[in-house]
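Per-chain residue numbering starts at 1, and chain names A, B and C are given in the order in which the chains are listed.
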Amino acid sequence: MTKLDSKIPGGNLADKWTNYKSVVSLVSPANKMKLDVIVVGTGLAGASAAASLGELGYNVKAFCYQDSPRRAHSIAAQGGINAAKNYQNDGDSVYRLFVDTIKGGDYRAREANVYRLAEVSNMIIDQCVAQGVPFARDYGGSLDNRSFGGAQVSRTFYARGQTGQQLLLGAYSALSRQINKKTVTMYSRREILDIVIIDGKARGVIARNLITGEIERYSAHAVVLASGGYGNVFYLSTNAMASNATAVWKAYKKGAFFANPCFTQIHPTCIPVVGENQSKLTLMSESLRNDGRIWVPKNKDDRRKPADIPEDERDYYLERRYPAFGNLVPRDVASRAAKERCDAGYGVGSSKLAVYLDFADAIKRLGKKVIEERYSNLFQMYEKITDENPYETPMRIFPAVHYVMGGLWVNYNLMTTVPGLYALGECNFSDHGANRLGASALMQGLADGYFVLPYTIGEYLSADIRTGKISSEHPAFKEAEENVKEILNKLINIKGSKTVDQIHKKLGKIMWEYCGMGRNEAGLTKAISLIKELKEEFWKDVKVPGELNEFNTELEKAGRLADYIELAELIVRDALHRKESCGGHFREEFQTEEGEAKRDDEHFAYVAAWEYNFDDEPLLNKEPLKFESIELKQRNYK
Amino acid sequence: MNLTLKIWRQKNSTSKGKLVKYKLDGVSEEMSFLEMLDMLNEQLILQDQDPVAFDNDCREGICGMCGLYISGRAHGPDVGVTTCQLTMRNFKDGDTITVEPWRAKAFTVIKDLVVDRSAFDRIIQAGGYISVNTGSMPDANSIPVSKRNSDLAMDAAACIGCGACVASCKNASAMLFVSAKVSHLELLPQGKIEAAERVQNMVKKMDELGFGNCTNTYACEVECPKQISVSNIARMNREFLHAKVCKEKH
Amino acid sequence: MSLAGLFLVVFLLVHLSINLLILKDDGGKSFIAASEFMSSNPLIKIMEIVLFGCLFIHMIYGVILTIKNWMSRPVKYSVVNKTDTSFFSRYMIYTGGIIFIFLAIHFMNFYFVKLGLVDIPEGAGNRHDFYNMVINLFSIPSYSVIYIILMLLLGLHLNHAFQAAFQTLGINHNKYTPAIKVLATIYSIIVSVGFSIIPLYFLLKY
């Protein structure tokens, strides 16, 4: 039944990418100038792709909704970026990084893609250093590494607690250089509201100019989506306020399959929620788990100050349950363990939905100065937000929605099921399986943008050198534009009684409650009907103030929420169908006696790629996952 | 707490704006300044009024999108934070808070508190990079960098491009922003190669765009949410003089 | 601007040291000798041209910069900036302007007399009799008081100017900059107090 061709090249796993690169079709420099490429989003994947394509000589049109490409949310990644450099001489290799990533992803990622990712990881570090990214160094002048969750080697490169920022600024500077050279035209403050398909191929986008409200048409020979994840479906998440799924959702509705939407990552170390008005959750880098110890009191409802609780009355539950990895277990495991303790009544803080992350031992062992050097900016941020000093009292943390492994289905070339439509970075599904390891998102975004797409897109575009300019006067553009205008008109004319945020908060609660860290059939079934009700409520009763042709933040938010509601239903549907626990997807019906996730490789070792079916239920397509170089095992971090 | 807000309202870049007064009750101290504005907007929408437009995105102090001039201080009264990280703990019941957009010739108001900071992008485009193409790089450890220089480069590279330096400078000068990028790249061996061209191109662009000059009041350093040092400005001045005086013409 | 300023900084020290000779109890002998040297030595003549060049550049540049800076913020804030910075660093153009007015008077009283552009005031023997000119002026108490106030403003101008000049020239060093700042303060105190001692002496004497 599958319509999916993953186009994985033949040969040994280790040779696939090399072989592919040697035979892939090329486009001559003179022809590249005649080809236009649209890149949506300017995060790590988008900016690096746009810059690299510009360097190659393509005409690139890059889009972002922010005022500047430098604001993309990749900037908020704190901890680091993985690479198999083995600079620490601790036995790392491309193969090990590959294995860790597949295993960390609970065997739900595509082998060939992950191997390629591990393979190009080293080049990313070289590239970033050449661009001037100030990675941490030791006194001899060479690069420093730290360890990270899910790995037993130190392979994470970092720039204080601002690695994402520094990598993004590197890509942004490369992009700026191309803008200056006029190979890239930058369109800021534009939101992509539809993908235009001509004769079955992606040939352009419809954008809204967020300053003037004008609807604009842009044509190209290929469209690259690098628009990030959809974590904001949950309302409260660590994503940026305006991070959105609109572009990928419109792509889905135009025929791109959506893969594994239920694989959402809950990050274990975030600052707990404090009030109803909270708009956003703040992440505390996972790197804190290197030196911090996580614990809760052994007694339920212990109201003593953390410092007054003696050592033998503390439960260092991660060290207890997972002695081999201790506080460094992967994110999904750490998050679920925190939830388990809080559900059992051992939570701390006023809401009882928090656990302690304690640095007292690390400060005693290494001295305050070392801890300051490693984490001062994070500690400062924590103190500003909570008014508590983490040097003196343990941090309170709780899991929060952080990343989505699911996304548009892509083949080995990163092309979706729509010819000419590519998806890179977080908005595709390919490399992280059911759970992403720390410091791998940055690696994947940059791998896709710098080192994969520039090769693979050539294969597609080489067939387009005689096509000539794509006209934005084509009826398909007109139709898409009218469709966009109709939706916007509809939104602004509902004039109901509820604000966008009110409805978004409701959606978030449904998702967190029934499709968060623990999921079960009854809850998911209920969630589907609740989401359907909410959709109806939204289209009947939302209130969008202002005009169409002006700067209108509420209108932007309403459009995004309309898509989130539909996407939420697909997420729940996917979660319902996947009757196993794996990675970030934990079905309460499928767990071991000790409460660990129980995978079902016999029935679910596939990628679930959902196909839009208009008003009917979406169709499920399966891409079976074949593991040839790695043996499937139940994950064990004990 | 109950607050009185005086907020700059301006329909678009061509219309005239004015300060409008609002009362807001029930603000709690753990809210961020932007969540307080969210709360105001929710009320305005339900009262059929136009909500206040303000830029924001990551809300964790790193994207640089937010930036409000709050009662005479860029990013408000707290030190080392952006507006999104400013908690209402810094205010007390009964306070009157005036909220204005960044003011500078190079930053025009788009709507209410939203300004156009694309001038910063244009300065970076003029030279804020190392000219290296994807793929043409040596092994990362083949370029050793002293820890000290690497740390100083990182200090400078921490700039988030929010524009608080321009907003708080009495001359609306962008020297701290530009010097942070010049310093970051100049301190690294790989950035030294085109340092002279970089500093001249970036300074030229900065002047073209209508930013003011530095008169060393150091307000920028005080208000910078990332506490970027004015020693970067001195480093840029040094680099600029060196490029102008010592370098031969091409 | 900064280079010209630094030259003026050096000049002020020379000027001050000659002025202080007035206080030497020898009936003005040393002071007269020094001022005669200053008006006759050819090298000093050349330096005089350089000095006026610097003064001119410093003033013109200051005015141009200020106007450009004002223009870079066409719409002002309604709340004045409350950033915690050194107060006088923000008002250099004003202290500079006041010093300029003082300079005009100062030239009328001394320099233009020497050049013969202004009549020799009463009590002075000839165009070069600065000793008696000084004594005459400082015997007017209100003149002395205004002079002292202006010297204090000059000190405040210099306190910022001295260290800012180094910053502008790119000299900022975590070892030496704190020393430069201390030096700036010591220098500005020496200049403002040094110049003020003379009228103070005359105020107390008469």
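Everything below uses one rule, namely that contacts are C-beta pairs under 8 Å (C-beta built on N, C-alpha and C of every residue); 3 or more make two chains touch, one makes a residue touch a chain.
Nothing here was measured: the structure is a model prediction, and the numbers come from that model.
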Exercise. When B-C is set beside A-B, which has more C-beta pairs in contact?
Worked result: A-B
Seminar exercise, completed: Relative to chain B, largest Cα-centroid distance belongs to chain C
For this session: Report the inter-chain centroid distance for chain A and chain C in whole angstrom, where each centroid is the mean of the CA atoms.
Result: 64
Exercise. In whole angstrom, what separates the CA-based centres of chain B and chain C?
Worked result: 38
For this session: Please work out the Cα centroid separation of chain A and chain B, and write it as a whole number of Å.
Result: 27
Exercise. Which chain C residues reach two or more other chains?
Worked result: none
Problem set entry | chain B-facing residues of chain A, complex | 48, 51-52, 55, 66-73, 75-76, 85, 87, 123, 125-132, 134-143, 159-160, 162, 165-166, 169, 172-174, 176-177, 179-180, 186, 188, 211, 238, 240-242, 274-275, 277-280, 282-283, 380-381, 384-385, 387, 450-451, 454, 497, 499, 501-502, 543, 545-546, 550-551, 553-554
Seminar exercise, completed: Interface with chain B, chain C side, in the complex: residues 65, 68-69, 71-86, 89-90, 92, 160, 163-164, 166-172, 174, 177
For this session: Can you check the complex and tell me which residues of chain B touch chain A?
Result: 11-12, 28, 30-32, 34-35, 38-39, 42, 44-46, 48-51, 53, 55-65, 78, 80-81, 85, 87, 89, 110-111, 114, 116-118, 120-121, 124-126, 128-141, 143-147, 150-151, 153-154, 157-158, 160-161, 184-185, 188, 190-191
Exercise. Can you list the residues on chain B that touch chain C in the complex?
Worked result: 19, 69, 71-74, 98, 100, 103-106, 168, 170-173, 210-219, 222-223, 230-231, 233-242
